[in-house]
Amino acid sequence: MLIASAGNVLVWMVWIVAAFACLGSGVAVVSFSSPFYSALGLIGNLGSLAVLYLLLSAEFVAAAQVLVYAGAVMVMFLFVIAYIGPRSESPWAGGPSWQAVGAVLASGAVFIEIVVVIGLKASGQLSHSEHVDGTFGTPAYIGRLFLTDHLLAFEITSIVLLVAAVGGVVLGAHSRRSAEEVPSL
Amino acid sequence: MVWGAWICLLSPLVAACAITVGGTHLSRRAAGWLATSSCVVAFAGAVASFVGLLTHTASDRQFISTAWTWISGGRYQSGLSVIVDPLSVFMMLIVAGVGGLIVWYSIGYMDGDDEERRYFAYMALFVFSMLLLVQSGNLILLLAGWGMVGLSSYLLIGYWHQRPTAVAAAKKAFVMNAIGDATMALALFLLIQQGNSLEFGVLGGDFSSTVANLVALGLLGGAVAKSAQIPLHTWLPDAMEGPTPVSALIHAATMVTAGVYLIVRTHAIFEQAPKVADVAAGLGAATLLVAGLIALVQVDIKRVIAYSTMSQIGYMFVGAGIGSYPNAMFHLMTHAFFKALLFMTAGIVIHALTDEQDIRKMGGLRQLAPKTYWAFLVGSLALVGIFPFAGFFSKDSILAAAMAKGGAFGYILWAAGLAGTFLTGLYTFRLLFVVFWGEPSAFVREHFHPLGRDVVAFSLAIPVGILGVLSVVGGWIQFSPWWHPVETWLQTVAEPIVSPASWQEWTSIALSLLLGLTGIGVAWAIYGAHRVAVPRIAWAQRTLEHKFYFDEAYDALFYAPAVFLANFLRRGVEQPLIADSGRDLGDDTRDLGGIVARAQTGLVRTYALAIATGVAVLAIVFVIVK
Amino acid sequence: MTTLLICLPLAAALIVWVLPLNPVSAGSLSLLAALAEVGVWIQLVVRYDFSKGGLQFSEQHTWIKDLGVSYHVGVYGFSVWLIGLTVVVLAAAIAYAFWAGRERTRAYMGLMLFLTGAIVGVFTAQDLLLFYAFFEAMLIPLYILVGVWGGPGRLGATLKFVLYTMAGSLLMLAAIIAYGLSQGTFDLVAINPVSSDWLFLGFVAAFAIKAPLFPLHGWLPDAYRESSPEVAAVLSGVVSKAAAYGFLRIAITKFPGPAHDFRVPILALATVSLIYGSLLAFRAPDMRGVVAYSSLAQMGLITMGVFAVNDLGLDGSVLQMVNHGLVSATLFLIVGMIERRTLTGELGRLGGMARGRPALATVLLTAGVIALAVPLSSAFAGEFLILAGIFQRGWGWAVAGAVAIVLAAMYVLRLISAVLHRDVGPAVSESALDLRPAELGVTVPLLVCLLALSVWPAAITQHSFRGDHGAFDVAEQFK
Amino acid sequence: MIALLGPEIAWYLGVAAFLFATGAFGVLLRRNPLIVLLSLEIMLNGANLALIGFSRNLGDGGGQIFALAVMAVAASEVVVGLGLVVALNRKRITLDVDRLNTLRG
Amino acid sequence: MIPRPHVDWFALAPVNSLLVATGIALLCAVLVPRRGRKGAAGLACALGYAAAFGFAIALYVKSPHPEGVVANAFDRDRLTALATMIVAATGFLTVAVAYRERAREDHTAEYYALLAAAGAGMCFFVGANNLMTLFLALEWFSISLYILCAIDRDRIGGLEAALKYLVIGSFGSAVLLFGSALVYGATGKLDFAGIAAAGAQHDVLLLFGLAMLIAGLSFKASAAPFHQWTPDVYEGAPTPVTGFMAAATKTAALVVMLRVLVTAFPANAHLWTVAVAVISVCSLVIGNFAALVQRGVKRMLAYSSVSQAGFMLIGIAANSSLGGQALLYYLIPYTAMSIGAFAVVAARERELGVPVTFENMAGFGWERPLFGVAMWAFMLGFAGFPLTGGFVGKFYVFSAAYRHGWTWLVIVGVLATLVSLYYYLGLVRAMFMRRTEDLQLAPIGGSPPREALLQTVTVTCLVVTVGSFFAVQPLIDLCRHAVDSLPF
């Protein structure tokens, strides 16, 4: 009992740290003026999210998050930023434009609405979570699901990645005759 | 007999079509002869019908021949039918006979005109229309003929279409007549509603007095317009813009008397609406006086005769209005003779003076054209009603009938008629003296050229001669105190509702002769012998010269408002409201489009904002509404 | 038979479009097709059993089975005459276009033939949706015909024309959908009359714009002025009749109740159109204006006849549809012929054309006097019946009609004298020829039709509704 | 069987909502396409957190699978997005989405 | 041993044939020499689409009863089959339109590979039976389209369009995704039938998710107010791709919207019918009004596609079998008209070498009568004139709305049609009523070659546009059987 409640307190503490890191890094991403710092913020965000995933018994997802996202995707980001050179932009300069006001209002509204909706539900279904067994979220568990119930999703994901790869080739490759101007149609 | 009527009706139409289609393949003279001979054929047909009717007993003299159903609407239908009865045959004879003479006369009169063929086609068309009017077996065909004569009259008045005055006069005539057509049509609508038929028999039906009054008023409207009676008379003097034979044929002998025919033909309804009949008589009396007065100051030879026509038709209206139908018809016939004669002699004068019509430039023609003078004199005497000329026999019996009608109204009509007789004598002989007496004026000496001895002259002279003879002897067929074959002939169709006593006849004869002669005498004193100066009363002169301001009044009352209204609608409604409003609406829509398109900023952030807003709104509505 | 009538011109249009013909053979082929269409129509008249009346030569094929829509065509007694009007006027228009020589002959002729088929379709469709389809299909060639071969202001004119017309038609489409679905069928013969005011107004809106009635005639002056004469002839002569036909076939027979309730406002609009059109025709500065506004007036009159909803009015309006169709087509063609010679339609610059041009004068005069409904003409017969019919609904309407007759005399005579009479106008040169044989060949047949109808108007009035009890039943309900 | 320790799912969802809104805010506000892409990632991450939260709440693995798939998709989008940015950069175009407004109206 | 689910290869055959085509085309990029590359890849792509079309027909015939395949992730039913047919036909025609495009020769093979991949994604999308496959398939074809927009990297407009499309598209996807998450959270299910069966219709999470799903799908269907990317992307993308997007994307998005709403949210119909109706009205109003002032033809067509989406949404909003039939029927002439119209635009573009505006369409109708007449027919079809299937389509959607009791929606639709006439007929006016002399441009390279492919495509589209007017009943039967797979 004591262990359980101690575990609970521990989880709470971890959650608080991770959640605030997550929120803070999220805000940082959108508010840093340099894309470089934003990208770093995103890494923090992904990391803290991985912790949250762990708390939710999603071990494999958390691992994938760190490996795929924080590893591969962010590297690509940083690489591109480095390639084109970081350009700073001051999002708040020049006083609030109607676009900025709209942005605050719209995203604020969405946030508040979701929170209210969750709050409405908080005492119901969301207040007690199902008990899961130890295999929940393990790689084996995920792998089984991928090969049975979600076989198709698994396959499609690969196709999406393939398409993206083709896109990367098409868009990123140096054109062989970039100097010549070809009629643009 | 019935076939005679059809031949009579159709032969002028055939001629008209043939001339139109023939075009230049037909020589000008041939066109003239074609038209004339078609009238002769028509006359022959009329005679055949007349003879045919004579072989039947008096009570059995009505035949209706229907070719086919001309028009129908549900249960209402009317045939293309002609009626052969004493009244129609009477009119057929006059129309075809006098018409034929006048067309013949035209061959001479119109000789050398550019578009003779057109003229003769129109003339033939007119004769057809007039015959249709008098022969039609039901009211709608009557109305059809009514309109067709209006059309041919329009065509003929405006024959010299390069003259703006002629065109304007033609239009005026047509529009005035159209007003009459319209009122007549309304009367027919009412008849259809009441009786679902337009046969003549329906008029004898049992109508409420309102209906009878309205129908009679509508018909009277048509009659008044066609016969140029007050208040729809103003077109007739202007119509003198047409060639003189046209004036003789249409505006003297036949068409303008159609109103009288109409009243006689439809007398059944007028007898059910005595007040309207009185109105007809009253209008006739008013017209005969007004026209007589205006005629006194006219300086155009044809206009004087035109006003005299109006005045004489006034007599006929009085006769028809008081129910003395045979007398009205009889006067119609004699009037056809002498008025055609007058116009044709006037035409010869005009022809001889190279188309001059102003009597102030004329004078002394008696010496230059004695035969014309004598013909004109015969016509004038017949017009004034001097014994033994035609007018004497017919006019006086109308006056007697007015007297016989009795009552204050009857005597007023009678008095008006008598006063008219005096005026007739005065203006007729004013014209005669001014034109023919005295020394030839400078203008006459310069321009007069006598007729030759060619076809032209013969075709001018022979019809005049025939009409001259008819003007002398034509009246003798009826002398109401003693013999009345016309009345007997028309008895079965139009039984007179007044029969004057013998003393009334004689009183009227005596007084009207006396007054007619007085009029002639006064004219002689002023214009013939120049014993008395022309009396000058400025305001009266002005009023008469302006024809009692009828034209001005109509202009101000109807034409000007119509034009004003039309212009107002064009500038004030059509342009701003109808034409522009559509465009404005279109422009506004496009502007709206511009606003919408401006929301498309090209900025990706705005697009995202729109989506976010959409989601926020949609979600909150869903959650709230559930 | 009916399908043949619809499809013959459509097929001919396709052939003319597809085959690479030279202008002369394309024109001759089209004319031949138009004349063949007239021949088919004559066959139709001969074989239609007028003593039996009712729907004949009907053909029905499934089109949209689920919603009760079918290709159902057939001919009523009165539609025989409207079809006749269509084929005759279109043949004349095609002949004139051929003679006058239009650029891009194949396209032009094909569109005219297409138009023929569409209009015949309108008059024969016995299914609401099919009717609408043909009603709209008319607009397709007209848009191009006016917009491509029209005068300098053609672009604005077509736009206005199409937008006005479609505004009405689309409301009608809404009404058709509501009506057909609520009744479970779109078949015009089988569908039950209803008493919905809104549906009725939807239909009336379409027809009132197409006819047009005041104040919905904004498209009319421009469209009639800017289109080529033969197209204007078809527009005012035939296309406007589709609206009157709609009033007759749908508005009053399928909506007896609302037609009764709205009779006074509709008659008022019709009367205003009549008087307003007449007055504007009287002051219009050009020939086309006169004919255009007189068309407005005449459509008002025809509408009055239809909404009299009695035997007289209906018979009269059918007759008058044919009359006005023929006469206004003739007038527009003559206007075109005069414009070819003088390069203007302004009355102020014309005049004195009668002298030395007897054929022109005769033709214009004949058409003119029929247009003003001189008694004994078929137009008179039509107007007489209409007004006699409307008289029974209230004498005031007939009086207004009678006033308009007088106004008609005024504007037609003004037109005639401004063109033919008085001094020679500045735009009229001595070298302006009389009508050529080909031009006579176009106008005279139309006039002959009119004269024949004048001799026997009962040909139409007696052979329109006999045995067809639909209209009479409605008339009964009004009593 | 393991019960959920620590905060209830609702808290996780709150974080998810905040992330989603923050990401959206970034897209709406930022002009640098790179940062816009990063913001999009934040949005997707928010959604992923929600999926995994629900997955845990329901004890159903579907949400996790979904989240994994989303990761792959996000990676794909990034690849294409970065490719576009590079291509634009090669055209010497200022990296500012507000300058990309030749297509409008 | 993991029990592998049964894979119904036949059901996946259309998708697979397109995937094979993608693969072959990609191989061509590597293996075939430069000269033959375009032909080989194009052929592969075309064959892929043809095979997909054929398989779809077979599927339609063989799948009278709907069933979920591959662990219930994909629907094998006639709705899928019909939608696949439309998409496959569209893709096939697009290949033909694209083939002669004057573009640099760099990435032709990839071009056709991506075209096939996008088509495969759509074929998958229309058969998606759970939220996950739905999202993934959406991304699949969206990403393909992003790349296709920018395939010609020298065109700045293309890049701009692609970036905009990507940003906004991902934003929309994220919304859709979050919505899916909420629905999943509320019901615990990802598959549509399960969502419907969970009985959570009053759950606020579900409602919120539904709202986001509707927004996300409306975005793909380019319905207002989620449409703003449409004009920019349509204008910037290569014309054949634009045609493909206008026709196929819209088909896929609308069919899926119909399926999702009807299958997964029947109990919330009172909400989403109204929402869809409102979105449809917005589309009609905004699309039409904005189109009024456009000068560029592609841009006008883009706005017109917004308003057309509005019309088709009416069919969804009706929430009835009739509405479904109306939508599916409408799609047939609509896709033909879209492809055809963009093919004509492409033809003019290749003549002039500049973007096509109303002004430089002057005289086109007379110079190229086939294209002119076809364009005329397409415009009339968009405007809902008879003799084109557009008329019957409008008739059907209005009928559906009326049956649903929404006469007001019919009125709005009617008024929108009226406004739309202005620009549709405006294009006809530009083509036929303005003279060539008004044109201030000299065509590049003299008289353009007669393009048999473009002409064939145009004629095909013309035949479908006009033919669907006459052959209504067969097509409606086709659509009715397809709609029968949905639980109305």
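Which chain is which? They are A, B, C, D and E, in the order written, and residues in each are numbered from 1.
Criterion: a contact is a pair of C-beta atoms (placed from the backbone, for glycine too) under 8 Å apart; a residue touches a chain by one contact, two chains touch by 3 or more.
Since this is a predicted model, take the numbers as computed values, not measurements.
Asker: Could you tell me which chains are in contact with subunit A and with subunit E alike?
Answerer: B, D
Asker: What are the mutual neighbours of subunit D and subunit E in this structure?
Answerer: Joint contacts, listed by label: A, B.
Asker: Of the other chains, whose C-alpha centre is the longest way from the centre of subunit C?
Answerer: The chain lying farthest from subunit C is A.
Asker: Between B-D and C-E, name the chain pair that shares the greater number of C-beta pairs in contact.
Answerer: By the number of C-beta pairs in contact, the winner is C-E.
Asker: In terms of CA centres, which chain lies closest to the overall middle?
Answerer: C
Asker: Can you name the chain that lies farthest from subunit B, using the mean of each chain's Cα atoms as its centre?
Answerer: Greatest centre separation from subunit B goes to chain A.
Asker: How many angstrom lie between the centres of subunit A and subunit B, each centre taken as the mean Cα position?
Answerer: 103
Asker: If you average the Cα atoms of subunit B and of subunit E to get two centres, how far apart are those centres in Å?
Answerer: 77
Asker: Could you put a whole-Å number on the gap between the CA centroids of subunit B and subunit C?
Answerer: Here the centre of subunit C sits 36 Å away from the centre of subunit B.
Asker: Please report how many Å separate the Cα centroid of subunit A from that of subunit C, as a whole number.
Answerer: That pair's centroid distance is 71 Å.
Asker: Among the residues of subunit B, pick out those that touch two or more other chains and give their numbers.
Answerer: 586, 597, 600, 602-606, 608-609, 612-613, 615, 619, 623
Asker: Scan subunit C for residues touching two or more other chains and write them down.
Answerer: 159, 163
Asker: Which subunit D residues touch at least two other chains?
Answerer: 13, 20, 23-24, 27-29, 31, 36-37, 53, 57-58, 62, 65-66, 69, 73, 76-77, 80, 83-85, 87, 90, 97, 100, 102-105
Asker: Which two-chain combinations qualify as touching?
Answerer: Pairs satisfying the touch definition: A-B, A-D, A-E, B-C, B-D, B-E, C-E, D-E.
Asker: Would you tell me which residues of subunit D are touching subunit E in their complex?
Answerer: Counting only subunit D, the residues touching subunit E are 13, 16, 20, 23-24, 27, 33, 36-37, 40, 43-44, 46-47, 50-51, 53-54, 57-58, 60, 62-63, 65-66, 69-70, 73, 76-77, 80-81, 83-85, 87-88, 90-91, 93, 97, 100, 102-105.
Asker: Quick one: in the complex, what on subunit C touches subunit E?
Answerer: Contact set of subunit C toward subunit E: 17, 62-67, 69, 104, 107, 129, 132-134, 136-137, 139-140, 143-144, 147-148, 154-155, 158-159, 162-163, 166-167, 170-171, 173-174, 177-178, 181.
Asker: Quick one: which bits of subunit B touch subunit C in the complex? Just the residue numbers, please.
Answerer: It is residues 20, 23, 68-77, 80, 114-115, 118, 132, 140-141, 143-148, 150-151, 154-155, 158, 161-164, 167, 170-171, 174-175, 178-179, 181-183, 185-186, 188-190, 192-193, 562-563, 565-567, 569-570, 573-574, 577-579, 581-583, 586 of subunit B that touch subunit C.
Asker: For subunit A, which residues count as touching subunit B in their complex?
Answerer: 99, 102-103, 106-107, 109-110, 113, 116-117
Asker: Would you mind writing out the residues of subunit B in touch with subunit A in their complex?
Answerer: The touching residues are 603, 605-606, 609, 612-613, 615-616, 619-620, 623.
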